Amino acid sequence: MSLSTAPELSVSRWFNVDGEPPTLASLRGKVVVLHAFQMLCPGCVTGGLPQAKRIATLFPDSDVAVIGIHTVFEHHDAMTDVSLAAFIHEYRLKFPIAVDQSGDNGPIPRTMAAYGMQGTPTLILIDRQGRVRRHAFGAEDDMRLGAEIAMLVVEPVK
Amino acid sequence: MSLSTAPELSVSRWFNVDGEPPTLASLRGKVVVLHAFQMLCPGCVTGGLPQAKRIATLFPDSDVAVIGIHTVFEHHDAMTDVSLAAFIHEYRLKFPIAVDQSGDNGPIPRTMAAYGMQGTPTLILIDRQGRVRRHAFGAEDDMRLGAEIAMLVVEPVK
Amino acid sequence: MSLSTAPELSVSRWFNVDGEPPTLASLRGKVVVLHAFQMLCPGCVTGGLPQAKRIATLFPDSDVAVIGIHTVFEHHDAMTDVSLAAFIHEYRLKFPIAVDQSGDNGPIPRTMAAYGMQGTPTLILIDRQGRVRRHAFGAEDDMRLGAEIAMLVVEPVK
Amino acid sequence: MSLSTAPELSVSRWFNVDGEPPTLASLRGKVVVLHAFQMLCPGCVTGGLPQAKRIATLFPDSDVAVIGIHTVFEHHDAMTDVSLAAFIHEYRLKFPIAVDQSGDNGPIPRTMAAYGMQGTPTLILIDRQGRVRRHAFGAEDDMRLGAEIAMLVVEPVK
């Protein structure tokens, strides 16, 4: 089986980024944990985002890049950039967060569509060669996730 | 000690109300649990609001009225009525929720000011005669709260 | 409906009692929370006993007496008084704990049989007149229990 | 730095073992998770043992061997093999559990002494070459532990 290269992110705005915003291409060599959320999604607020924070705390930046992406596909007027900025502040999210770019047709934003995400929270693990290795919709177990990320970190790049 | 009558609510808009909106005066004879929150306050989302839902489920409507009040005192642009409507939908809040009316001077809305609330979440227990009997800022213990509300329910009205 | 008087406890040994051991008769005028457990019952250790501790902490001794009763109906050799003493010490249980007296026939001890308990944990609420008002097998909700105990505390004795 | 070889276990009795009991020597090639506990230690019952079960569920037997060891250093009369057998049954522990052999002098059993354990719960990670790689007393984070075990699983044996 050949693994697919993760589609590049389509971003209308970044939060928590100083200087040049990251791209998946620029992160080659690191494991990327892409956490797709909506600020008014209860499963994201109580489960996915705290887990993303734990990942960012546990693994060093030099090995693992945690990227949040705000993939709004419903209640668009309720989850604007102004609201998201306050949300990021109040929930003390420190990792880079991208706003997924609106789609041309319909409510699904572009990165969400490119990855074929079914909803939020979605977790995507991208290996050091830029390939999607895991795509998970819904709640994930901490121990399993810790093991999976660690194995991607130590995996040799061919 | 004479107990003070709870100040009437200043409301710019109601959610989850069909027909005539409630007033504290119209609720005399019932215990009122007033839960003040902001939709982007983590302690409200993970603690206070789920607890308010449990109160509304446990005690019959005929004895206890649970009222939420959205007392926005920071990030006003981020917590508009449009955003609140989506929040109420996503978090499946079913009890009546009032939007606290903007203050004339400064960021503190009127009901919040009238009660001297220090922040969110704040829980106010109002007895069957309309008097404030408890004012609590922050996390509250379920068992203690169950006991306090029950005692107000069975307390004779003099 | 006439309520039944709670059967007196059959006790082979008390822990956490100085002086005269309590009887239900001697506790008339207080609400009694009788918590039946086995030291090797997971639902008791993680749920029932911590809840009994919270009850004992919340309600004053003058209103509510929390009594534990070790109703061993299986693995009798594994849950002797020696083991129970260490268990009480390690789990920092401070309320009075009775060892239920062995039955004449079969594994069910006497108090357990007299109350018709189905297993552990079982919670029995006894009102100030000594009558059983609630008999619950399994996990109980904190808020509901707080409300029920409070109502028994303030209920007039006829 | 040269890593020390993990001392062999001193065992007076095994539970959950059919046929030949395991030794650390016989487990070379696998990662061994050694979980030292006492059946009346609250931190073991509510934290350590459920975590050991999660490890045993997550990682395949062919990669990771989870071994419990009952290192009784206090209340010896309260935690006999009879009591432990019932405990293992009630808590549905399925992985092999060793009873640590009594020490010649004093209350500390032999394996506990050989490893210099400070108390329970203690977690020891042993790599595929039989060397101690982690020695942790107290609560451990699931994600971190998942990552550490995974890295030992994929580490090349030199």
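Going in written order, the chains are labelled A, B, C and D, and every chain counts its residues from 1.
Here, a contact is a pair of C-beta atoms (placed from the backbone, for glycine too) under 8 Å apart; a residue touches a chain by one contact, two chains touch by 3 or more.
What you are looking at is a predicted structure, and each value in this text was computed from that prediction instead of being measured.
Chemist: Return the chains shared as contacts by chain A and chain B, ordered by label.
Modeler: Common contact partners of chain A and chain B, which must touch each of the two, are absent.
Chemist: Where the contacts of chain C and chain D overlap, which chains show up?
Modeler: Touching chain C as well as chain D, we find no chain at all.
Chemist: So, comparing C-alpha centroids, which chain is the farthest one from chain A?
Modeler: Most remote chain from chain A, centroid-wise, comes out as C.
Chemist: Once you find the CA centre of chain A and the CA centre of chain C, what distance in Å lies between them?
Modeler: Computed value for the inter-centroid distance: 51 Å.
Chemist: Counting only Cα atoms for the centres, state how far chain A is from chain D in Å.
Modeler: Their C-alpha centroids are separated by 37 Å.
Chemist: When you check chain B against every other chain, which residues touch at least two of them?
Modeler: none
Chemist: What topology does the chain touch graph have (line, ring, star, complete, other)?
Modeler: Per interface graph, the chains form a ring.
Chemist: In their complex, what parts of chain C are in touch with chain D?
Modeler: Contact set of chain C toward chain D: 40-42, 45-46, 75, 77-80, 82-83, 85-87, 89-91.
Chemist: Could you please specify the touching residues of chain A with respect to chain D in the complex?
Modeler: 54-55, 58-59, 141-151, 153-155
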